[in-house]
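Two complexes follow with chain A in common, the first pairing it with chain B and the second with chain C.
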Partner chain A sequence: MSAGVLSVHAKPNRAATLILSWALFACGIALYFYVSHARHRDNPEDRVMPTIEQMARGMYSAALHPAEDDEVQTETGNFWQDFPHSMLWKDTKASSRRFLYSMLLLIPAVLLGLHMGLFPYVGVFFLRFILFFDKIVALSLLPILFIAFGIDELSKIMLIVIGVAPTVILDTFNLTRGVPPEQIVKAFTLGAGDFDVAYRVVLKQILPRVLNSIRLNLKAVMLFLFAGEMIASTDGLAYRIALLRRHMGMDVIVPYVLWVALLLFVVDWGMRFANRKLHPWFHE
Partner chain B sequence: MAGPRQMVCYTHLFGLVAIPVYAARPRTTMRKLLAFFALFSVSAFAGQPAFTVGWSIYAGWTPYFYMNKSGLLKKWADKYGITIKVQRFDYAPSLDAFVARNIEAVTMTNMEALDMPAASGVPTTAILIGDYSNGNDALLVRNGLQMKDLAGKKMLLVQKTVSEYLFDRAMTIEGLRSQLKQVRMINTSDSDIAIAFLSDTSTSAVVTWKPMVSQISKQKGITSLFNSSRIPGEILDLTVVRTDVLNRPDGSGRKFAQALAGAWYEMMAMMTGPGADKVLAAIAEGSEDTLASYKEQLGTTKMFYTPQSAAAFAASPDIKQKMALVRQFCFDHGLLGENTKSVDDVAIRYPDGAIQGKADRVRFAFDLAFMQMAAEGKL
Partner chain C sequence: MPLIEIDHVSMSYGAPPRTVLNGIDLSIEEGEFVCVLGQTGCGKSTLLRLLLGSEQPVDGRILIDGREHRRPDRSRGYVPQKYSLFPDKTVLDNITFGPEVSEFGLWRRWMPEFRKRRRELRREALDYLRRIGLSEADGSKYPDQLSGGMQQRVAIAQALMSEPRILLMDEAFSALDPGTRKEMQRLIRSLWQATGTTILFVTHNTHEALRMGTRVIVLAASSGGEGSRVMLDLRVPDSRYPDQIAELAERLETISETSSLVEAAPA
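== the complex of A and B ==
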């Protein structure tokens, strides 16, 4: 049986894997600079597609110049002294804090889903409402969020939680329901109590899948975070992008977008790593 | 972000062959592409140069809605043998489309004309001065605060726009410039700013424009500390055309500007002449507004209803001083770009030929010709 290159049985060797997996990156980058170069030849002051030099300069000042509102207004030339005063660091810190809080608030969501799946009365009480709430477009609730939580941090975090929590709750609920009932019966016959079953039998085995589901939702978390920061804010990565957009600061926006992608990738990778370390028995 | 131009690139992605052509001669390809699209549109476009003017919702710009709907613009376009399309945008995307050279003309303020197209190397010419904000933009506070109380307080505004400019000027005029940095500005999207300010009582002040100003000041306990009638003529609302379009060798760009000017001043005459209410109501419809509300907005907009008044304003020496304030503000706030080292790098040319900034870097110009032609009835 001959295995053609495009057949199901094809086995790409190391070199092919390496080249092919980076090919689209190379294409994207080449296309960008090709068009950017052409635009700059046509109009040397073009800001829509900055050249690599412009982006490097933009990023340099974002990462090393003191932010506009910082009390320190001089550069020392030392990266470790300058960076903590820079706009990039402050924005990253502000956005990360919001991100972290909303991730922490997803823990109760997981527990709620677990309880809904195991305890019939809890399930009856919440399920219909959360199924309905899951379909509400969180962004459209913004005026209500402003009234209820003000325009500070709380409303931004709540926007994320309201947007993402129902999905996480429902997913945990379904995973809980998916645990074979025989196991639960067995645990009871071995003398386990309700909460032993919930936390030591069910939660333990669904946790890796729950973590994967949260990983899939990272992008939604980020989307809501960005929406919140763009609507009303004094700092944050999306705040900066929204401001720079007003005068086409693409030379900073493009590196910022890549920076956000990198951060998100690191978080995702970290969660995957933790998942593997915590649950070495889990294979999907 | 220049969505439309990037879209063009994507379109090319599907027709892979087109990429090298595009990269080598972008503008020719753009034209080819436009021609290509024109094939699909009605045959009426065939042979006639076509232009697009973009507008966004604002008291002084909504007339474009009526000019298009009533056939007024078509009448003038036919007279000059061209085709004019009208497209409504949100404000920011309209600027993006203009900078990306997807549309030929657009409505914008003098400040944005400087910091968007002019600073991005797209030379721009103002052909019509429609009005200036005469109270449309305002600084509102709650609990009877005074200007001097604002240090350390939270203030909502859309940062880096005329709102911040207005606040900057207000503090300067009141002699409180040293406190400017102590006010805690919160960048808030204009679509949510009214509700955000009204629902969160921990915010003390807001700078925004109409109709949001009208909604907010209706509430109890809100007072207005400063509005744009204190800085008349500094926030100008213009119709601008790309300078390269205006200078097209076949003269079609000038015809386009002439047709726009002709239609615009016929529209202005209708807005003040007999039966004006009916016209104004139809214009208000363009922004889902009512006649009463639209009239209220016009009350704080100094419209130049006649070409004579607009031309006289454009020719006055005042405009140079005012533009000097605006361009300094843009430069101080980095709105002219990270790479602009001097305020003179984005130069402005005035109708009398005077240039503010470096003579070889004129990026923004006021052109009186079309308003004058309208005034002399030569259109």
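== the complex of A and C ==
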């Protein structure tokens, strides 16, 4: 007898997997356009739920019309020439730059966690402080950061780092402590020094898990990035969303939100792919 | 001068302190194959950790070649029961890890001579692979692609590649099935005969100890909770005298039955 649909032993076939995994997307999109259509039938000027045509126009304008502050103000009709001058590209570039700097600043956080986990004195020195720091709500530090670092890039990047780094440090610390002591002793008996053990034995073993931990924190990175951009910025994806909110520009806000989700999805997929390629021995 | 001198060593853990080893005195000559027998929890692995230098005794001292060692180093190879290989490295990389890291460290591996030396080491490692009964193709596998027995073979090759004077093995075969275990016993015995490395082999299996060692040391906990002491220190007769070995096995098993000091299980 085959297992029922709700049975623990059920094995969805390929077609069922494909249909079920996309079903909620299809339902969500259908529901949105049904409600949007109904609202527009009652009020053709409705701006809360733009139609697909309105969103396509909004996105076309954001992606192909030159940004207001761009020196080039004429369209050529060629996508590859127009896109680099568009609002969408400039916002994406600005947010990506902040995102990239923040990610690079997480490297020292990983190294600190590694050293804390491996070298007892480093652990003793930092652990209590990091545990305390981890409990501070990063957004509550935003005014202090703006006062201390001004409203330029540094304060926004610091907000991301302060928000995410303690979690990454503690995750790396715990992963380091999780390496079997037998392996560390073994490495020493094979002639390794302290830093050989740290970088050639422990870091290499925990790196795939550290990357997974950073992947899980990508949303937090974006959250702090958006908070910083929404409050004090003159460009960036979140700045644009905040700006358009004032004009009820839902025809651009919705595509922007989907664009951000897509970018994050691509980054996450890229990191997962790199993790698999760089660490073929690692099985999640 | 003995290679290893354990001089009235005691060890305790926790608060209030629980004594695990109490005044252990032993001396081991170069080239001996010593099996340490004893019940679970009697301090066999603790003794090994003290010899490795990863823990320090609360009393007494351990001299290796006349010197105290305060941390693990190349003079003592180590094969634990599990987690013996680095999971992120292939079999060949695991075997060559020791010489590579000790000759080139962390930074000098970017120097041009490293590549040449690495090729030499890989040839040596392939030779070791053959000696432990693995194929060249196994060299490019990761540890989790090997069976438990194969992993332990690689772990032994990895330890011996660094040419330690002493090899410390902590219940290294206890997770293996009986057939593989016998094979491994033969392998380590033949490697010991070929290399002359001093081996300390911790086990709780009487037959395994008698089959492999030239000397058997039995650790046993005292009844008053004062920690373990050396209860027996026996020379194992040559394998040409099976009657004597059988008598010894019987003697050890009798101890096991009367005082439950030794767990005897046929391998």
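One rule holds for everything that comes next: the second predicted complex is superposed on the first by the 282 of 284 C-alpha atoms of A that agree within 3 Å, B and C clash if a C-alpha of one lies under 4 Å from a C-alpha of the other, contacts with A are read in each partner's own complex, and residues count from 1 in each chain.
Operating definition for what follows: contacts are C-beta pairs under 8 Å (C-beta built on N, C-alpha and C of every residue); 3 or more make two chains touch, one makes a residue touch a chain.
It should be emphasised that the depicted structure is a prediction, and the values quoted were computed from it without experimental measurement.
Visitor: Return first, second, both or neither, reflecting whether A:186 touches chain B, chain C, both chains, or no partner chain.
Guide: The second partner, chain C, only.
Visitor: Counting only touches as set out at the top, which of chain B and chain C does A:242 meet: first, second, both, neither?
Guide: A:242 sits against chain B, while chain C stays out of touch.
Visitor: Thinking of the overlay built on chain A, is A:35 touched by chain B (first), by chain C (second), by both, or by neither?
Guide: Only chain B; A:35 stays clear of chain C.
Visitor: Is A:43 contacted by the first partner chain B, the second partner chain C, both or neither?
Guide: first
Visitor: So, A:231: does it touch chain B (first), chain C (second), both, or neither?
Guide: After superposing on A, A:231 lies in contact with chain B but is clear of chain C.
Visitor: Once chain A of both complexes is superposed, is A:199 in touch with chain B (first), chain C (second), both, or neither?
Guide: The answer is second: A:199 touches chain C but not chain B.
Visitor: For A:221 in the superposed arrangement: first (chain B), second (chain C), both or neither?
Guide: Touch partners of A:221: none, neither chain B nor chain C.
Visitor: Hey, is it chain B or chain C that touches more of chain A?
Guide: Looking at chain A, the partner in contact with more of its residues is B.
Visitor: Given the touch rule stated above, what does A:210 touch, chain B (first), chain C (second), both, or neither?
Guide: Once the two structures are laid over each other on A, A:210 reaches no partner at all.
Visitor: Going by the contact definition given at the top, which residues of chain A touch chain B in one complex and chain C in the other?
Guide: On chain A, no residue contacts both chain B in one structure and chain C in the other.
Visitor: Note which residues of chain A are touching chain B in the complex, please.
Guide: Going through chain A, the ones touching chain B are 31, 34-35, 37-39, 42-49, 54, 57-58, 61, 69, 142-143, 146-147, 150-152, 230-234, 239, 242-243, 245-253.
Visitor: Can you name the residues of chain A that touch chain C in the complex?
Guide: 180-183, 185-193, 195-196, 199-201, 204-205, 279-283
Visitor: If we count contacts the way the header does, which residues on chain B are in touch with chain A in the complex?
Guide: Within the complex, chain B touches chain A at residues 1-2, 5, 9, 13, 19, 22-24, 26-27, 92, 96, 99-100, 115-116, 119-122, 156, 158-161, 181, 184-189, 192, 195-196, 199-200, 202-203, 334-339.
Visitor: If we count contacts the way the header does, which residues on chain C are in touch with chain A in the complex?
Guide: The touching residues are 49, 52, 54, 71-74, 76-78, 80, 82-84, 86-89, 97-99, 101-102, 105-106, 142-144, 158-159, 162, 164.
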